[in-house]
Amino acid sequence: MKKLMTTLLVVMMIIPIASEAQNPSKRRKLFNNWNNYEVSTVQVGQDGTKLLKVWGFGKKVDRAVTQAKKNAVHACIFRGIPGNETSMSTPAICKDPNALESNLDYFYDFFETGSTYLQFVNLTTDGVPSGQDRRKVDGGYKVAIYVQVMYDNLKDRLETDGIVRKLNSGF
Amino acid sequence: MNNKFFYTFALLIFVSASAFAQSKTLDDSYNRNSVSKLWISFGDNFDNTVKNAYANFSFGEKYDYNDLDVTAITTQTNRGDATVSNVLDILNNQNFGKSIVSYWFNRNSEGMMNDEMMRQRSLYNVNDEDVMIAAAAKVSNLADRSDALIRQSYIVVFNTNEIKREQLKDPKTGKVSVLWQAKSDAYVYQIDIDSTFIEDLYMNMWIQDDDTPEVKAAKKQLYDSLQVNMKTVASVSGHGASTVSEKNPEESAKQSAVSSSFEALLFKMENAIPDWQVKVAIHDVHPIRSKIGTKENLKNTDRYRVYYYFEDKNGHLKTRPKGYIRATTIADNESIASGETPMSRFYQISGGRLEPGMLMVEKKDRRMGISAGVKYHGANSFFIDLDFLMHINDLGFCSYPFASIGFDQREEFYANLAIGYGHGIPLTRLFELMPFAGFGIDYMAHENVDEDKIAQYTAFFAEAGARFSIQPVYPIRVFVQADYSLNFLEGIHYETGENRFGVGLSIGLRYAF
Amino acid sequence: MKKHLIKTLLIVMAVGLTSVGFGQAKKPKLMVVPADAWCIRNGFVLEFDNMGTYEQIPNYKAAMQYSSDMRAMIASMGDFMQKEDFPIESLEQALKNVESDAGFDMVSTSKSGSMLAESPKDKLLLQAKPDIILDLDFEEVKIGPRTAIKFNMQAIDAYTGKIISGNVGQGTPSSSIDKTIQLQEAVLSFKDNFLSGLMNHFNSLFKDGREIVVEVTRWDNCDIDFEEEYGDTELGELIEQWMTDNTVSGRFSTQMATENRMKFDQVRIPLYKNDGRTALDARGWGRGLAKYIKNTTGQECKVQSRGLGLVRITMGGK
């Protein structure tokens, strides 16, 4: 019995460490991509959405577009989006500056390529990024895309998943 | 000879390669331009002829037209004395800039304006991406983007500054022929306003229905006293000539000379004014397609240069050319973009691998090629061809009518003139095989040949062959050619030189322009 | 041992559930009220002569009856607040309730001359008791052939009058879009910034309590003043001590303290009473102070409130 308890304890201690350590290089890469990108509001979007122009970097254009989509969702969650002369700025959904670090596993899964984040972003670029929105840079491409982010749905999802508080929580 | 040939070849390659290496920054936006056309009346006998040529001149579907009340400006100077700056002064003295603004805003005598035409033009100018973005926006403002279009308003003034009649006398026969020649300039002026001008006009001169009578009067007066200047953006020239004959009498030849002097002006204006060159993204490759067509006056064989953007080490944005393409199948896109605009097809004629999203910029050429070659065996030891690209299909098959002159120094000197047709078959982007056929006339030079006896020293010939070429760098091709020629209907004094007909082998260079 | 563990667990769960159930503060009420500037600009005002001075006061009823634009804006705001589970209080309904109050007379009450005179807005707010007023102003601006909606929406804490969230901007100019769409665009433009401001405000409420202003004064005929000593301590000090004990983290600021009058601002009161269920407003909280003064001095106190965030306690009789 004691042995069993000891084994269980050890397993319970190892599981979180293992999950924390999964793909550390991939995770580093995921987060490094968020060090520097540009995002701006294009116009006020349809109900519940944000219409953004966002930049992304990748070795190939496709990858840069994928990264730009992630950046758009990332901006809505963590950064907020500056406004322009016809639309007000949009605040970040997560106001807690440590939200990413304290929910690493959740956001790792959320932003994994082809994962949850895609449910909240629609491409409104015609074809691939073109002209000045498609730039060859050292090591790959820097592209800008126009996207519609389902901001309200995204916020609902993060509220439902307990990442951010609902406006009415506590009442 | 061999050295010269080598140096010329090397120079051409260097020049072309340098053209490829330049990196500047191109603007990637294109908006439809609007034009008004005027001609200059000098009050002389040629006015009517010029007016007719002016009336027949069309800018095509690519441009919107600002129809001004006047079509001509008059000047007291003599034909030939009007200059681009004189004309600018006349336009500004008569406040043509304001007439354009009034036209855009459909201003009436009471000073009321509306944006009906602005909205139509704005909608007609948008592209599919604009439509897709607008669909995602709460307020679609596709019809409200005409401010940039107003700034791209131009006046083109046609100045036929030289019309002359020449009598040419043949020194041998004494026969006199009459030649009409004309030189016409097109001066292009752009309205000199910026966004603050339009803001000022909207806020201080645009009469609103609910303005008080005093405010209305003040706004009207402010507009009435407005001066809007034009600025010079380009000046191009064209020449025309026509010989009088039975079928082409004096008046007709004169008209024809003036009209033909107008012909190449649009081509030259478009090459001189960057804003007039269509810019669009490559939408797809395999085949290359993009969303332009008849709305942009796109025609089969029209040439576009493809660029890509890059950031240099300092993060500065630059453009670098990647290759040339030609329009093959043209889409009819003369409607307001809906997100599903039909696409025209293009064929790549030079450069590296093109990718969707690269920028295509209109760079029309004359679609001509000049070739010079030497023949090691056959009718001409040296020849020059001038070909014209008449058509290109989706697979890059090209139709080239051509004319050729050749010279041959044997025991006698021979010169010949031939016309023919070649069909270019692209093997890869670099290689082309062109079967061709033609016929011509070969003349054996002889001292003291009377004109009426020339026929006795000539022979007709037919030729057929194939030219294989490689394009080391656009627009240069190096070719080898094998052909077979056959002479017939020889004049009685014509003597065929040794090995002048039959199988021929040539080598040469072709330069496209 | 086992029984003891289960017992402990059950106790912990019960305490947890109770605290969750009791921890629910009363949901703040929000109400959109047309800004005075908007009412005046659009002619929704009542005009009267206040002893020789020409005055205009907003006529909310007319505004709600005749301005479809205002109704469209409120409907759009109501729509998104409903999704946040914060239904907006109906201004129209509140107006009806106020009207049914026999003593309601917009003009006469507003010029009663009393220091605590209540304007129609105050009366409306007292009746509807919104915690947050959404003061909405917008206008159509003409830019040549186009029109754009210029908006200014301020969320104001009804207790303190402080701005929780200010949202000023202008929409997309257009000459062909229906005005209702442009109004909706304005709402969408400020929506998330406004919600974010609201969230910050709520966080502050949970953390630091509700902010009110407290005035304690005495009637002229009251025998004692605030320098009266009880034990070795002046009444004023005792009141400050009570304030320290009954505010969240003892947070308040004494703005003025004389023998006749004391004024405290930035007073942070708990969101609900000690029972954890009953919402506490300035008046309710003020009654506690009045009771304390009475117990200390034996003097009756009158408790009056203005709006939701100002309470005045007058010592020396009701």
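A, B and C label the chains in the order they appear, each numbered from 1.
The criterion applied here is as follows: a residue touches a chain if its C-beta (ideal position, glycine included) is under 8 Å from a C-beta of that chain, and two chains touch if they have at least 3 such contacts.
In this text the structure is predicted, and so the values were computed from the model without any measurement.
K.L.:
Does A-C or B-C have more contacting C-beta pairs?
P.N.:
The greater number of contacts lies at A-C.
K.L.:
Kindly work out which chain lies most centrally, taking the average of its C-alpha atoms as its position.
P.N.:
Answer for the innermost chain: A.
K.L.:
Indicate the whole-number Å distance between the mean C-alpha point of subunit A and the mean C-alpha point of subunit B.
P.N.:
50
K.L.:
Distance from the CA centroid of subunit A to that of subunit C, rounded to the nearest Å?
P.N.:
Their C-alpha centroids are separated by 38 Å.
K.L.:
Indicate the whole-number Å distance between the mean C-alpha point of subunit B and the mean C-alpha point of subunit C.
P.N.:
Comparing mean C-alpha positions, subunit C is 72 Å from subunit B.
K.L.:
Would you give the residues of subunit C that are in contact with at least 2 other chains, written as numbers and ranges?
P.N.:
In subunit C, residues 171-173, 184-185, 188 touch at least two other chains, as defined above.
K.L.:
Could you list which residues of subunit A touch at least two other chains?
P.N.:
Answer for subunit A, listing residues that touch two or more other chains: 43-45, 47.
K.L.:
Please list all residues of subunit B that touch 2 or more other chains.
P.N.:
In subunit B, 137-139, 141 touch at least two other chains.
K.L.:
Given the complex with subunit A, which residues does subunit C contribute to the contact?
P.N.:
On the subunit C side, the touching residues are 23-28, 83-86, 148, 167, 169-173, 184-185, 188-190, 192-193, 195-196, 198-200, 202, 206.
K.L.:
Which of the residues in subunit A end up touching subunit B in this complex?
P.N.:
42-47, 49, 51, 61, 122, 124-138, 142, 146, 148
K.L.:
For the complex, give me every residue of subunit B touching subunit A.
P.N.:
28-29, 127-129, 132-133, 135-139, 141, 279, 281-284, 291, 308-311, 313, 317, 339, 355-359
K.L.:
Of all residues in subunit A, which touch subunit C in the complex?
P.N.:
43-45, 47, 83, 85-91, 95, 151-152, 165-168, 170-171
K.L.:
Which residues, counting only subunit C, touch subunit B once they are in their complex?
P.N.:
So the residues of subunit C touching subunit B come out as 142-146, 171-177, 181-182, 184-185, 188.
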